[in-house]
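Here the structure is laid out as structure tokens; the discussion comes afterwards.
Labels for the chains are A, B and C, by order of writing; each one numbers its residues from 1.
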Amino acid sequence: MDMTHIHGRWLRCLVALGPLVAGQATLAQDKFIVMASTTSTEQSGLFAHLLPQFTQATGIQVRVVAQGTGQALDMGRRGDADIVFVHDQAAEEKFVAEGFGLQRRPVMYNDFVLVGPKADPAGVKGKDITAGLSKLAAANAPFISRGDKSGTHAAELRYWKAANVDLAAKKPPGYQECGCGMGPALNIGASSNAYVLTDRGTWLSFKNRADLAVLVEGDKRLFNQYGVIVVNQALHPHVKKDLAQVFGDWVVSPAGQNTIAAYKVGGEQLFFPNAGQ
Amino acid sequence: MSAFGESVSTAANLIASADPALMRIVALSLSVSGSACLFAAGFGLFGGAGLAVARFRGYRILVLLLNTLLALPSVVVGLVVYLLLSRSGPLGSLGILFTPTAMVIAQTILVLPVVAALTRQLVADALRGSGDQLRSMGAGPLTRALLMLVHERWAVLLVLLAAFGRAIAEVGAVMIVGGNIDGVTRVMTTTIALETSKGDLPLALALGLVLLLVVALINALIALVQSLQKGSAVR
Amino acid sequence: MTTPRSPSTAIDPPKESGLAWGASARRPISDPALIELRDVTVRFRDVRALDAVTLDVRTGERVALLGSNGSGKTTLLRVLHGLQRCEGERVLHVATKQAMVFQRPFLLRLSVWANMMIALWLAKVPAGERADLAHAALHRVGIADLRDRPARVLSLGQQQRLALARAWAVRPRLLFLDEPTASLDPGAKREVEALIEEFAAEGMTVVMSTHNLGQAKRLASRVVYLEGGRLIVDLPTDHFFNDRLPEEAALFLKGELHWT
């Protein structure tokens, strides 16, 4: 029977399947852990620099699922990650207290900056974040908040509180929440000439700046602490506790800390290791 | 307009230099969506053909449900599959979350209604002109339906192309169940989303162009096969 | 109550009954009926396609169903063949292999050979016998040299011969034809009629609908005239064309005679 032309369709699909099967075979042989981390850490390019060193030293592959801090911790609660690496100390300590994680260890810090239109219509420029935000609110200037339970969002809320602006009661007229990551928030800020609180790492690698520039930086309160927590295996038996522990130990060891310090973007160091502190 | 111009030249450079990271991402996209298409074809073609001749009680409701699933949002499929495969979910012990396997499962679920609903319609229509004669020759209902799949194979191919297009172009499901892990589950659409969120819009557009080019290539190959078959099949 | 029998469940007559082609031609026409219809009515919405039709078909007959379009010829054929549900009684007396040829044959988008083989597969012919039978059938109707052509590029006459080959290959005892030459040019019409005559001579019982009087005169042993779903006249051919007929039938004859 003349059925040969039907085979062509199946052949095409089988050919597409080939690399998938082959890929799966090789993947299954590697040791790996799943790390839930934040978009800001990944987008800064730190992981592309840090993780290959770790894999070379230990043979363990680290698979990073990058999302907001809130979602990363939720992933840890569900047991879908073996280790979490985020930057919201209060939320992290709660995570451990609730029994989802074994121990929180500080790893490094970077800093936040407030970016806005170069002309700075609200006059926020300076070294004081709370003063800057107060002026922003008073001037009814547009501000883009991530609004996504991320570490950056949590920090932003702390600064507004310190500036005596009660967001729950009444948001300043220009305040907009996008429920999105750092990059998209900056995109919106760039196209609408608004102020955005961002981490330096994302800002340095962000390409679509339009008219935005760094306006407030250097305030000690803008320092952003990162911590690493191994997920508790007791709740989810399949969590790879031992392999995750290897990473946890390595990243606070001199080897890991030096690798972090060595990472530079445009000659600038982004992250400052502080594990011993 | 410069963003568009820049993206075209970026796309050309990426393709010309055969950037290995890009090649890997393209290969993964093709194999994930191709596999999903294959599995969806297996279930959807037979399921759709069967539904075309089905007369059991409630089959009309099933058809209604199937047609409704055509509008299934990809992100919803992603969420459901995620919750099933999560370690705190029923199938967590399989350990396939954040792997290409999970992505294939999600995309198969997504495009299965496309294949089944469209196949059902084309088989039902084809049987309108031929059902009686095939019955006369001794063909039972399922045999008639399957013969229509052979008879209308070019229409079936188009259905599969539509399913493949839906799969390779979606980002919601693969992002959630795959995690967009660099080197493991990063595909074209999640890369485009990532580059967009990093603000590198020309690169994102360029990758979009590459995606379209890859699909265009596949369609061209199929058209070639079709024209070679011209004498025997198409009338 | 109906006893419709799907053709696919019809069983081939046992070999020892001696049903080679020549055998049934020797049987007298007064044999018991192959199919009997009693008071059969078919309703589509509020239209009666068939209205209380009573009809027997006996072995060896060549029945022509005559009537204009919409008279119910096609519906009657479908009821006889078991494709159409009806009110009234349809009795299939002997497990009879049947085949049907339609005005426009449905051919799959495959080669002539593939269409033949699929027909044999559907008729549950054992796998080992199919190739030989297909070959014989294509030869029988004279299109063996076209076997590798796509079936759909054949001329209508050749397609109809393929349909006849498909039917012949399953060795039906009863062959139904629904206006088989209506779409054909005179040359093709002659070829197809010749084949039908030969099949009938070989022993097939034939029931054929037509609105061509000359064809009925040439091929049929018995003529049934239908109008508005009702059976008006049922006579042997020579009686039909020579006796005095009811008015509707007479008018039909008069109207059609120009076109013989």
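Following the convention adopted for this analysis, a contact is a pair of C-beta atoms (placed from the backbone, for glycine too) under 8 Å apart; a residue touches a chain by one contact, two chains touch by 3 or more.
These numbers come from a predicted model, not from an experiment.
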Most centrally placed chain, judged by C-alpha centres: B
Longest centre-to-centre distance from chain B, chain (CA-based): C
Computed distance of Cα centres, chain B from chain A, in Å: 32
Gap in Å, rounded to a whole number, between the CA centres of chain C and chain B: 47
Distance from the mean Cα position of chain C to that of chain A, given in whole angstrom: 78
Multi-chain contact residues (two or more partners), chain B: 150, 153, 232-233
Residue numbers of chain C (touch at least two other chains): 110-111, 118
Touching two or more other chains - residues of chain A: 2
Residue ranges of chain B in contact with chain A within the complex: 27-28, 30-35, 37-38, 41, 86-89, 92-93, 95, 97-101, 104, 150, 153, 157, 160, 179-182, 184, 196-201, 218, 221-222, 225, 229, 232-233
Interface residues, chain C side, partner chain B - complex: 6-8, 78, 81, 83, 99-100, 102, 105-106, 108-111, 118-119, 122-124, 150, 152-153, 166
Residue ranges of chain A in contact with chain B within the complex: 2-3, 5-6, 8-10, 12-20, 23-24, 27, 34, 39, 43, 47-48, 63-66, 77-80, 180-184, 186-187, 190, 202, 205-209, 236, 238-239
In the complex with chain C, residue positions of chain B that touch it: 129-130, 132-140, 143, 147, 150-153, 231-235
